Amino acid sequence: MFRCQLRPGLDLRLLEERHAAEVFALVDRDRDYLREWLPWVDATHTEDDTLSFIRSSLERFGSNNGFAAGIWNQGQFCGVIGTHKIDWLNRRVEIGYWLSRESQGQGIVTEACRAIITHAFEELDLHLVDIHCGAGNEKSAAVPKRLGFKLEGTLGEALLLHGVYHDLLVFGMVRPEWKG
Amino acid sequence: MFRCQLRPGLDLRLLEERHAAEVFALVDRDRDYLREWLPWVDATHTEDDTLSFIRSSLERFGSNNGFAAGIWNQGQFCGVIGTHKIDWLNRRVEIGYWLSRESQGQGIVTEACRAIITHAFEELDLHLVDIHCGAGNEKSAAVPKRLGFKLEGTLGEALLLHGVYHDLLVFGMVRPEWKG
Amino acid sequence: MFRCQLRPGLDLRLLEERHAAEVFALVDRDRDYLREWLPWVDATHTEDDTLSFIRSSLERFGSNNGFAAGIWNQGQFCGVIGTHKIDWLNRRVEIGYWLSRESQGQGIVTEACRAIITHAFEELDLHLVDIHCGAGNEKSAAVPKRLGFKLEGTLGEALLLHGVYHDLLVFGMVRPEWKG
Amino acid sequence: MFRCQLRPGLDLRLLEERHAAEVFALVDRDRDYLREWLPWVDATHTEDDTLSFIRSSLERFGSNNGFAAGIWNQGQFCGVIGTHKIDWLNRRVEIGYWLSRESQGQGIVTEACRAIITHAFEELDLHLVDIHCGAGNEKSAAVPKRLGFKLEGTLGEALLLHGVYHDLLVFGMVRPEWKG
Amino acid sequence: MFRCQLRPGLDLRLLEERHAAEVFALVDRDRDYLREWLPWVDATHTEDDTLSFIRSSLERFGSNNGFAAGIWNQGQFCGVIGTHKIDWLNRRVEIGYWLSRESQGQGIVTEACRAIITHAFEELDLHLVDIHCGAGNEKSAAVPKRLGFKLEGTLGEALLLHGVYHDLLVFGMVRPEWKG
Amino acid sequence: MFRCQLRPGLDLRLLEERHAAEVFALVDRDRDYLREWLPWVDATHTEDDTLSFIRSSLERFGSNNGFAAGIWNQGQFCGVIGTHKIDWLNRRVEIGYWLSRESQGQGIVTEACRAIITHAFEELDLHLVDIHCGAGNEKSAAVPKRLGFKLEGTLGEALLLHGVYHDLLVFGMVRPEWKG
């Protein structure tokens, strides 16, 4: 029942156990598409793997260390967005996301990031939000660019996909520069 | 960032650690008013006690066993509503709530219950929702009555308040009879 | 080695891991009989399920929150009786029990309840003991009636058995009225 | 409510949280007497220390690894007896005990050991029971001697009391030689 | 007793509970010097804080997720070096370190890093090692430079020191380029 | 990377998860040889059993309660040596070990014990080290004899091997008598 409305018909909900079937079904359907840039896809074999991910995300949420939210578009589950473990000492957090193939091109992830960034700065009082994208993953990198993030560096060979190491682009946004 | 809007300006949010100060401050301010019908008030001495309550509620939420939400009215925290541990075997749950003195009389708890009951029946697929009220607590009992609950019985001397045992009214609503 | 003698040849023992085989064997043998009124029977498939029940009961006992005891009649295991999580704040507890088909009619559960109720009032200093019985389960309801409990109410459709919801009778006994 | 009657008026009960005050009071009263041979007495400062001991004993009991029981004589708590962690691989266990000063000389510990040894051999199917006594602690060593244990060896300087190392006598009884 | 000798008289040892006093004493002595670039120093008030750090590091080690080692020079404890949580999916790890003021300038941290990097690549089969240094912390940045790391980027305002945000330099070394 | 060098080419390393395959392979290869005197061999069926042993040893290490180390001879894993749970109250600890068949006769275990005993007395400040050997296990008993331990007693039928109970020799060494 707890949601974060992004625009009419589009909202985020904390992932709970009862969403596992829906989430796994989409990962499984879009497996070929998603695995191109997401290292965890090949390790997700069954709904139980998705359930483990949800449970550990809820545990993280419960200990004040970030969360994983599902994205629902017109009532259809279409992707996940969330934050990694929060670095409270330096007031930083990293956002990660994925979206189904058919939901691309509608600005969905951009809207979702916008909500999370505003939440991070205003409600959590954090100072820096990072987004990491595999070099070459244009769709993913378009999100921080569109939101005004600065490219801070390229971590060489920091992403392992199907046995090949890829560079990782690191984008950052600090609170004073956030336009919302 | 996750909310359940009840009406414009009124919403529920899962209680998180960072709300502890706000919640405790209200309990402390309305201590005399709240302790009349709530046995836990006298055991809530410091913000740490509230933090413990929030943490155990988040743990409960993370294990798919109910939640505690704060009620915010025009941006002001004004009460708590939530569910006890869910009885999945029999598909039952009990709702509990409290509201600050000054927020009484605006139908806030009734709206909040309505949202939770609909959630329980439609999203959690439960069958029965209970509400327990101390006999004599008219304000509290008005909520289930207004929502069409049936009085199912009176548990004799089941509520201990300041050394005196009070009867407890048990109200119930089953899914087929819920008008929403 | 720790027992609670009810009468010569009849005693209660805290259930321990080593009893799992004996307990499961009886559940399995009387499966048809027991499932009529006990919602957990259909979810008890193997001795491991019984072991889980015993372990969680011992954990409950270790945290001062009730227990599960086996009933032995002439050295034969014949049923289980115990308490749910204790409500220390209101000093209430609920007793639950089941008995094998062939051990019916000998007053065994009544004796066992008597011992637990006395323990609850005198050793644990509780104030109220509840017993819940499915409406229509005459054998079960005979126990609190025989012990002088008062029928406090009927929780409509609070018990789910094989897809059908049944009413639940709630009986209560407060300490000042207990004759022992 | 669970007891092991040793003789009329004398019984063992699993130690539970609610016994902490009673147990600590006796340790505190007989502190000078008990610390002569028991290394843990000086580390028991408050009732909370006793509570910790009881909780860890209950956890041990819950994981099928031995227990701690109180001894009640004519309704008065007078000592503790229990087993260490059970060595299931070799089917061995060690018994430990202490008794208040004024309860000495009545054969209480001997009776209690007898019950535990019989339990270990018959209910737990163990093969060997050990009892360790500080060299020079005649009262303690009298117990295994009276019960027919064999002195198996002397562990040199294995017991530390107030900064001085004492030898430890190891007594053993194997199942085939137990007369009960 | 387990060490990693860097050169005669200089070695690393896994930090254990018994080292807490020694570690805290040095942090406390060099507090002014260390807090300039280390955000955790101001949160380390007592030996108990150091003990918590050591315990959580041992837990991390036990779950195969990195470690914290002390550096001993001529038998004197002089600093800490270790790894953050390992990213097994992408085979990456980050090294962190600090050294007492008087131990500077002897190549100690460089030697220690060399040992850990070789361990990461050869024993753990990782692919990438990162080192993060506050922009302006020349001493710290000299280490990865001397070891041939590449500067991969600058994370803007990612380090919070006494209320001021500093940029963070990220240096990286991949396995194929490591000369040992 | 943390080692305890016994002599050139021979060292001890804390067992970590990544060693499980190597350890299990040796147990499995020497199964017939090892099971003669080690009760746990028959319960070690797969690499997962070895992994469980390693994990519980690391947990013990992390809580300051002893450790399990592998022995590497010329880079080949050849056995395990470690300590049981430490008795801090009496400052005692027991050492246990096993070695592959082909590594016998080179004084390996004697050297390893020497290092652990010195560590126990000098770094952990313990007072007594015990070694237990099955009566008749000449190879194992030769180790404490060679190191100057005293035979302190024989625990009758304290070791269960393939259904037969064997006596257990207890050897002890106190700190003042240790020559190193």
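For clarity, chains are labelled A, B, C, D, E and F in written order, and residue numbers in each chain start from 1.
Convention: a residue touches a chain if its C-beta (ideal position, glycine included) is under 8 Å from a C-beta of that chain, and two chains touch if they have at least 3 such contacts.
Note that this is a predicted model, so its numbers are computed, not measured.
K.L.:
Moving only from a chain to one it touches, give the least number of moves from chain B to chain F.
P.N.:
Steps on the shortest route: 3.
K.L.:
Tell me, which chains sit next to both chain D and chain E?
P.N.:
Chains in contact with chain D as well as chain E: F.
K.L.:
Higher C-beta contact count, D-F or E-F?
P.N.:
Spelling it out, more C-beta pairs touch across D-F than across the other pair.
K.L.:
Please indicate which chain is farthest from chain B, where distance is taken between mean Cα coordinates of the chains.
P.N.:
That would be chain F.
K.L.:
For chain C and chain D, let me know how many angstrom lie between their CA-based centres, rounded off.
P.N.:
Roughly 33 Å, centre to centre.
K.L.:
Which integer distance in Å separates the CA centroid of chain B from that of chain D?
P.N.:
So the centre of chain B lies 48 Å away from the centre of chain D.
K.L.:
Among the residues of chain B, which are close enough to touch at least two other chains?
P.N.:
none
K.L.:
By the document's touch definition, which label belongs to this structure's chain graph: line, ring, star, complete, or other?
P.N.:
ring
K.L.:
Which chains make up the ring, in order, starting at chain B and heading to chain C first?
P.N.:
Traced from chain B through chain C, the chains around the ring are B, C, D, F, E, A.
K.L.:
Give the list of chain C residues in touch with chain D in this complex.
P.N.:
Interface residues on chain C, with respect to chain D: 1-4, 12-14, 16-18, 55, 58-59, 61-64, 69, 115-116, 118-119, 123-124.
K.L.:
Which residues of chain B touch chain C in their complex?
P.N.:
39-40, 43, 89-92, 127-128, 130, 150, 152-160, 165, 170, 172, 174
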